[in-house]
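Two complexes are shown next, each including chain A; its partner changes from chain B in the first to chain C in the second.
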Partner chain A sequence: MTILFLAMAKALAPFLALVLSGLLLLIVTAFLPKEKTRLLFYPTLLALAGTTILVATNWVDGFPLEGGMVISDRIAYGFDLVFLLSVFLSTILSRETEEGNAHGGEYYVLTLFATAGMVLMAHSRDLLLLFIALEIMSLSAYILTSYRQSAKGAEAGMKYFVMGAFASGFLLYGIALIYGATGSTDFSVITQAGAGATGNSLWLIRIGVALLLIGFGFKIAAVPFHFWAPDVYEGAPTPVTALMASGVKAAGFVALVRLVIAFAPFTALPWVKILSVLAFLTMTIGNLIALKQTNIKRMLAYSSIAHAGYALVGLAASIKNGQIQEEALAAVLFYMFAYSLMTIGAFAIVVAMGRKGDEVDEIGDYAGLSEHHPALAAAMALFMISLTGIPPTLGFIGKFYLLRAAVSSGLIGLTVVAVLNSVISAFYYLSVVMVIYFQKEKGYRLPQLSYTLLFAVSFTAMAVIYLGLFPEELFQVAKQSFQAVVF
Partner chain B sequence: MISLVHYLIVSILLFCIGVAGFLCRRNALVLFMSVELMLNAANLAFITFARFQGNPSGSVIAFFVMVVAAAEVAVGLAILVLVFKNRSSVDVNEISLMKG
Partner chain C sequence: MQEYGKILLLFTFGGLFVASFLLLSNFLGVKRFTREKHLPYECGIDSSPNLLNRFSVKFYLVAILFILFDVEVVFLYPWAILYKDFVLRGDGLFMLLEMLVFLSTLVVGLVYIYGKRALDW
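Presenting the complex of A and B:
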């Protein structure tokens, strides 16, 4: 009994650490004087770093713990690492803008709660827990979006909230139908009951799964459920945008991975067709609309939509051919990691370009950056090249793994579409590089750089290059995450 | 005799009214109400299945959903107040600073 309890505690330690430190900081915030609350930046980073260590230890020990509503396998811990990395980096970015300083502690508390929600999403083996975890994450994200109480911030928070609540309505109704058909919300019971389901109850499960797909489609901003994303990304404070593009999106993908693993074998839906069409639309429409954006945050929002499309290719490949499921899903996890690094790097530059309280959002404002800040300009160019998917960067490797899985599963057409999309995306990514290096400056303001920001930029830049050159070990980690799939 | 199917039809109707209201109405408060209607439709389905299958976990789930819905309303109304402070209107057609 005690041994089981200890194992449970160890498995849940990352989640507990995040929730407890969040609650602790919430109490501390209430008693600190307003101007001191920004000091909570340091304990937040400490809590995130400590949680990362816990997650990494648990990943290495790698015990899939059965029982209860929580699952502790390497899939969950692998995605936890992506969440923690993106939250850590975006928290570092928040130091620089007004949001991190003026309003104080609640920002960091909400960040920790959002992370706890993401972690719990990765660990749920029960649809009800998945729903609640999603809500913990989303509610924190809604507040963070409108944290800067400006007109734009309020509008962004409003749109995010309304669309998110609408999506969770679909999600919940899907769960209700699956519960009705199988009598349970537990994944392993559902797969057992579902395997024997026929007639009406199989149709209930199918409709339920379709509603779940719609709900998570909203969360990862897949076309045609993407229309909220550009406005929300533009209006939110930049560090929060970075978090939404990386961590929140990865959390949507972990839920989709679980759905695919649990439901694809027995529902006999045209999964490959559905996901292929979704991937095709998401990539193509994301990239085409990104072409005409002049605001850098909107451009990165459409780019984030397009990148979700690339990752969906990996999901489709994992169902198309069961033989390579492990490799395809590992490629999805790797891509989430890679995309998080690159996009947070790009958002770090957006933060660097703005001064406190007023952000520089237009791509034209970046003209002449190469003369004043050659290092920043080079880093931005690197991130843009990586997002396009040109070697020797991490973005190229991520796409390479995804498309390799797609080719070996036989999704040739979708692979061609993905490559063509990368070519389209080169136009808008490289036009940013052109503006930075070849356009005359107009009324340029020197960005002030702090050590935290320099750390974020140099860390992401070095990781993008280093992992672009030596990706093999990290991909092995991703692959091992999918070796022992429990249900 | 009222059967499981009757309850389910009511629940599906409620859900569809919620979706239709969300898509057609332009007042943000009414949008919130529509979302609540969708969540309550799901609750009705949960309780129906729990009742007719003699499986109490569905009723428990309904309580969790109510808590989540209450939390959602708290956050949503706070954001709505923020929007109203900024532009003295909660019509979603007028909330359009960002486009493109």
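Presenting the complex of A and C:
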């Protein structure tokens, strides 16, 4: 009993650390004078770093503990690392905007709670727990989105909340149908009961799974469930946008990965076709609309939709003749990591361009950045090249692994579409580079850069280049996360 | 699927029942309108004249907080009813600790709203 309890405590230590530090900071922020709340930045980073260490040790120990409603396998810990990385970097970015400074310490508390929700999502073995974890993450994200008290922030938060509630409805309906057919919300019981299901109850499970796909489709902003994304990404404070594009999206993908692992083997749905169509629409429409954007945050929002489409290619490739292809899922995890790094880097430059309190969002405002700040200009060019997927950057490697998995699963058509989409995306990514390097300066004065921001930019830039050149070890980590996938 | 048929039957009869009684009372009922019947009903007291009276926003805050804690306290009831079974099964201490964890989380929330002076009238 006690040994099991200790093992459980170790397995859940990352989640508990996040929740406890969040609760602690909540009490502290209530009694701290308002001008001192910016000091909570440091304990937040400390908590995130500590949690990262816990996750990393658990990943290395790699014990697939199952008990109650949680599962602690390497899939969960692998995705936890993506969440923690993106939350860590976005928290650093928040230092430069007024959210982290003027409006009290709740920003940090909510960040920690959102992270706890993501971590719990990766660890849930039960549909209900998955739903609750999703709500913990989403509710924190809604508040963070409207954290800046402006009309745009309120609009973004409201839209995000309404669309999120709508998506939750789909999820709950799906869970209810699956429960009705199998009598359980536990993944392992569902897979056992589902394997013997026939006729009507099999159809109930199928409809339920389809509803779950729609619900998580909203969360990852897959076309045709993407309409909220551009407005929300534009209206939210830039660090929160960075978090939504990286951590929250990865949390949606971990849920989708679990769904595929649990349901693909027995539901006999045309999974590959469904996911391929979803991937095709998401990539193509995301990229085509991104071509017309003049606001950089909207452009990055559509780019984020398109990248969800690339990752969905990997998900479609993960099922071959009803068998789970571990390598394709590993490519999805790797891509989430890679995309988080690149996009947070790009958002870091967006933060750098704005003074405290006012953001500079138009792509035209970046004209002449190369003259008065060549290092930032070079970093932005690097991130744009990486998002396009040109070697020797991390973005190229991520796409390479995804498409290699797609080819080995026989999805040649989808691979061709993905490559064509990368070509389309080059137009709008490289046009930002054009503006930075070849247009005359408009006289916009860049504010003084702080060390934290310089750290965020240089860290992501170096990671994008280094991992672009030597990706093998990281991919091995992703691959080992998916060894012996079971439910 | 057989079990769901009964639920459908329940819904059908429930709907028919409600619809038929509403229709019957509409046809058979006597309609006599007086001034009092058209006034907004407020516990029998004459309602105050102006709908657009301002009221303190504190009401909103206190009401929200009340509902929050009220809803969470509802979770205590099923726990309290089942607690004896847990003790008999030997899980008593564990379930007590679980509930203490839940309650202490609530207390953190209470401390927070106290520190934010949301309870100052």
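The definition used in the following text is that the second predicted complex is superposed on the first by the 483 of 487 C-alpha atoms of A that agree within 3 Å, B and C clash if a C-alpha of one lies under 4 Å from a C-alpha of the other, contacts with A are read in each partner's own complex, and residues count from 1 in each chain.
Rule of thumb we're sticking to: contacts are C-beta pairs under 8 Å (C-beta built on N, C-alpha and C of every residue); 3 or more make two chains touch, one makes a residue touch a chain.
All figures in this text were calculated on a predicted structure; none of them were measured in a lab.
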item: Contacts of A:201 with chain B and chain C, given as first, second, both or neither; value: second
item: Partner chain(s) touched by A:290 [first = chain B, second = chain C, both, neither]; value: neither
item: Partner chain(s) touched by A:243 [first = chain B, second = chain C, both, neither]; value: neither
item: Partner chain(s) touched by A:25 [first = chain B, second = chain C, both, neither]; value: neither
item: If touched residues of chain A are counted for chain B and for chain C, the larger one; value: B
item: Partner chain(s) touched by A:110 [first = chain B, second = chain C, both, neither]; value: neither
item: Chain A positions touched by chain B in one structure and by chain C in the second; value: 180
item: In the complex, chain C residues that touch chain A; value: 1, 4, 105, 108-109, 111-116
item: Residues of chain A touching chain C in the complex; value: 23, 26-27, 29-31, 180, 200-201
item: Chain A residues within the chain B interface of the complex; value: 128, 131-132, 135, 139, 142-143, 146, 149-159, 161-162, 165-166, 168-170, 172-173, 175-177, 179-180, 183-185, 230-231, 234-235, 292-293, 295, 298
item: Chain A contact footprint on chain B (complex, rising order); value: 8, 11, 15, 18-19, 22, 28, 31-32, 35, 38-39, 41-43, 45-46, 48-49, 53, 55, 57-58, 61, 64-65, 68, 71-72, 75-76, 78-80, 82-83, 85-87, 92, 95-98, 100
